[in-house]
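There are two complexes below, and they share chain A, which is joined by chain B in the first and by chain C in the second.
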Partner chain A sequence: MFADARSVPSESTVDTDLCIIGAGAAGITLAREFIGSSVRVALLESGGEGFDSQTQSLYEGPVTGLPYFPLDTPRLRYFGGTTNHWAGVCRPFDNADFESREWVPFSGWPITVTDLDAYYPRAQEVVQLTSDQWDTAGWVGRDRYAPLPLLGDRVLTRVDQIVPPDKRRFSDLYGDELKAATNVTVYLEANVTEVQIDEVGTAATGVSVATLTGNRFAVSARVIVLAVGGIDNARLLLASNSWFPNGIGNQNDLVGRFFLEHPRFVAGVVAPTNPNLSIAFYQEHIVDGTIIQPRLAISRETQEAEGLADVQIRIDPVHDAALERAANSADVEHLKALRDALQGKGAGDIGQDISNVVSDLMTWHRFTVPGAPIPIPYPDVMGTVMRATPREKQSLIPGLLGDIAGFLYTRVEGNLPLDSLLLTARFEPAPNPESRVTLVRELDEVGMPRAELDWQLSASDRHAVRRSMEIVGAEFGSAGLGRVRILFEEEGSEWPADLAGGFHHMGTTRMSDEPKQGVVDRDCRVHGMSNLYVAGSSVFTTGGSSNPTMLIVALALRLADRLREEVS
Partner chain B sequence: MSDDARVTSPTSPDVGRFYADVPNRLVGFLVDLLILTILAFVGAVIISVLFGPVVRIDLSTDPRVELNQGLALMNGALSTIISAVYFIGTWRRLRGSPGHRLLRMRIGAEADGLPITYRQGVVRWLLIGLPLCLEASLTPVITGSADGLLILALLVWYLVLLISAARNPAKQGLHDRLAHTVVTKVGRVVPWAEEADLGQGSVVR
Partner chain C sequence: MTRGAGITRRRFLASITAIGGSALVVETRPWRALVAFAPVSVAERLAGLLTHRDSARVVGKAYLERVPGESVSRLVDRIAAGLPGGRRTVRDASEADLRLLLAASIRSDFEQDRIVEVDGWVLSPTEARLYALAALV
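And then the complex of A and B:
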């Protein structure tokens, strides 16, 4: 059921068995696992059922270090959490992602991929993926497009799956289920400001809750799980300093450190040997009903041989501007809209769709000889067209005809002729203790210190990307596909201006069996606390280069199994 | 074949002449349009030579195509004049347009089969030739959906002419009836055609 925290009596205490803080991918997954059980669950969500700018502003905080998005941008603070703007990209972390690699400092999870074998298939169901095919070979042959014919085994293709847009929001997927659950209460508008600790400091007893309307109450629970994201999990532990001055689980000064993102930037450009080289396989497309997004990656063997962290490369085509404009023109969009409308899939006004297409159709008519009963181009137009190059011819044909010509060119050729290919590297950053989330003095509206992000990367990251690009360049060259120009140097400390993250906040409560190496243990329990757990990507020891959501869900399912024993 | 479908043509010396059916007249009309298109194109070349290009194309600018509306309207007017002279002149002087002649069709007065008068020619051209010219001539000033609607109206109008001709016993479309003209075609006389009712039209004896 859903409840409004603003209507909970002030200064009261809500008693429950399991208290989950945060109704995002991890929190909702965890809560669902207890539906229908005898366990009483309180799922505390800061926001309501929709976006609210006042609640969202609770995420605001300063950014230092490398340039990063304002902290209230990458995350969403309402029911469903950041799944409400999730791009749906999925790929499970593989064995190498969990291993300790001596060339990646602080790498090595206390669990292996085997520990997640039972959970990945369930996670796949939760995130609404219909295929369990993660091997590239499993897609080749079924796909009308083919991977690039790279000759060596140093560069390979990895395939991500993408959840359809209408199945990404956990709020839409699981909201009704949680509303109907009698043993799960979702408290909306409930901001947790502190985790309360027992007198000996070894167990959490509950949490303090505040609403934006000024209401304050407590929730006491036998087990508490933090699931408020990679930044706020650390923020909440650090801010819970009534007992521990440095925050809960922070006896080794690790909470908030090792902040990881998936950095990306355009690292290279390819001058293709053949302008008609097909890279359609590397564009987001549908195969047998599944949306896939293949990328290039350096093989694990090469990573080991060269001492490189994981780097994957997205390929984006750059076409002739005129042809690209034609292929994506408003005229072609009007035609597609009309087609959709006639097929009953239209979103707009079919009358307007028809009017648009008719109007577009008439564009070319202006360039025919006036009064000629059969439309025939002006002699001037014909002369110029006959003298023009093939590419100029297309752009000369005015209006819809030109656009359709460009559009058909893409259909006939499979893709537009290439000017170049952009190679965007997205890489696994080495865990770096100096990359961290801390608290600042400024308080938010419910009295919590705001988080400050100091995002840092390492010299080894520069080396990994530079060397990976060199390998990709060599493979493109030896396969005769084109020349690669690498757009950044390994030396120096400046990162490219287009460096950005992927809204993936990881590592701030990292997992390790050693309390001096991590905040939570292999069961996601905070070291030193008997009943306080963390869910979400903040427990990632390393970030890999795959999108984190599937692993977040798999770990939440695994945690649910662990808690089922404990709470029962 | 019904009796009212028969007419006599006391002045026509031709034997085996029948009212030209819709398919023949449609093909003849399309031939005329093709010829007129060529003439309009020649007119456009002349205007381009005399006054400069109606359409300027510059690959270095955007938009790359620039239309001289004044010259375009002049071009439309010239095409309209060519159309009027072509149709009215040939109907009157040659008893049929080149399209008619090619398919051995003749146009004559409804009452006596004699060559049509200029007045009849003008009325007929206003109804069958001008609409198409008008639409094609106004393209520089009427654009977008309005142009589409105009073309739609034109299609409806020519459909009306076609259907009215098809449904009339003497194959007179609305334009023929208002201009009091009739189009006939020379055909091989088939003695048993009348009995067989081949649906070929009405044989004129």
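And then the complex of A and C:
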């Protein structure tokens, strides 16, 4: 059921078994695992069911160190959390991601990929992926496009799957289920300001809650899980300083340190030897109903031989500007809109029909009425038009009769001729204790100290990207695909101006067996606390090669299994 | 950061695709003094494989700035060393065969991770030396 925290009387205490703070991917996944059980669950969400700027502003905080987004931009503070703007990119972390690598400082999780074997398939269901195919070879052959014919084994192609846009918001997917659950109460507008602990400092007893309308109450629970994201998990532990002056779990000054992102920037450009080189395989596209996004990556063997962290590379085409303008004209957008509209109605394999129609357009001049003042598409094309709704026709017909030439060119060639390729490197940064989240004195509207982010990278990161680009350059040259120009120098401390993150906040409550090396143990329990857990990417020991959401969900499912015994 | 191409893409492409060229061009250049004792005919034969000589010179000059101390003789020796038969092949092989052998040598460079960077471009040393020859002869 849903409840509005603003209606909970001040100074009251809500008693529950399991208190989960944060209704994003981790919190919702965890709460769902207890639906229908005898466990009483309180899921506390700061926001409501939709975006609210006042609530969102609770995320604001200063940024120092490397340039980064304003802290209220990468995440969303309402039911569903950051899944509300999730791009849907999925790939499980693999074995190497969890291993200790001597060339990656502070690497090595206390768990292995085997510990997640049982959870990845379930995570796949939670995030609504329909395929468990993660080997590139499993896509090749089924795909109408092919990977680049690179010859060696140093650079390979890695395939991410993308959740369809209409299945990304956990609020849409699981909101009704949680509303109907009698043993789960989702408290909206509930901002947790502190975790309360017992008099000996080894167990959490509950949390303090404040709303923007001013009422304050407490939630007492047998088990508490923080699931408020990679920045605010640390913020909440640090701000919970009534008993421990430096915050809970921070006896070794590790809470908030090791902040990780997945940095990316345009690291290279390719001058292709063949302007008609097809890189369609590397563009987001659908294969057998699954959206995939392949990327180049440095093989694990080469990473080990060269002492490199993981680097993967997105390939984007750069076309002649005039052709690009034509292909992206409003007319073509009309065609695409029609295709999308018809596909959305489930009109069979209409996507292929449209593709055929579009292919027909290659030879549209053969299907025009001689002497007509404007070209008229032939019956196949018109058939498609006739199947459209009046509104769709309104947008389609002008499109068909308009600036079609550029689009025809793209269909004839399969691709616009390339001017160059941009290589955007996205890399796994080495965990760096100086990259950190701390608190500032300024309080937000509910009295919580704001978080400050000091994002830092390391010299080894520069080397990993630079050397990876050299390897890619050699492989492109060897295969005769073109020559690569690397756009940044290894020396120096300045990063390229287009350096950015991916809204992936990781590492600030990292997992370790030893309390001196991390904040939570292999069960995601805060070191030194018996019943306080952390869910989400803040527990990641290293950032890995893949987007974090699938692992966040897998770890939440694993945590649920751990907690079942403890709470029951 | 080395953004902002000193060598335009067009020039660069022209040079790397010109290895298949066949024009034999003998030109007088200020650098001739440097090559007084060099086997000019062999050097010019190699450089003559490049049809887009102007582009090759641009890349070649950039390479020479990066690797000072190169001479025509040294460049020829090093290019020839990557070919079966060495200098004799450069002298006697047909242009078609020479192009094929050079292409194989360039590929081998990349495969063996022998690379040189010229203004950020990841090149095979063999091709870079060819461009340098074009700049010197």
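By our rule, the second predicted complex is superposed on the first by the 499 of 568 C-alpha atoms of A that agree within 3 Å, B and C clash if a C-alpha of one lies under 4 Å from a C-alpha of the other, contacts with A are read in each partner's own complex, and residues count from 1 in each chain.
The definition used in the following text is that a contact is a pair of C-beta atoms (placed from the backbone, for glycine too) under 8 Å apart; a residue touches a chain by one contact, two chains touch by 3 or more.
Remember, predicted model here, so these are calculated numbers, not experimental data.
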Which partner does A:Thr202 contact after superposing on A: first (chain B), second (chain C), both, neither? neither
Which holds for A:Ala474: it touches chain B only (first), chain C only (second), both, or neither? second
Chain B versus chain C as contact partner of A:Asn246, first or second or both or neither: neither
Name the contact category of A:Ala271: first (chain B only), second (chain C only), both, or neither. second
Looking at chain A, which of its residues have contacts with both chain B and chain C? none
Spell out the part of chain A that touches chain B in their complex, as residue ranges. 355, 358-359, 361-363, 365-376, 378-381, 384, 388, 392, 395-396, 398
Per the touch rule, the chain A residues reaching chain C in their complex are 151-152, 271, 273, 419-420, 469-471, 473-478, 480, 483-489, 492, 494, 496
Report the residues of chain C in contact with chain A in the complex, numbered from low to high. 1-3, 5, 9, 12-13, 16-17, 106-107, 109-111, 113, 115, 117, 119-124
Give the list of chain B residues in touch with chain A in this complex. 33-34, 36-37, 40-41, 43-45, 48, 53-57, 59, 64-65, 67, 72-73, 75-80, 82-83, 132-133, 136-140, 143-145, 147-149, 151
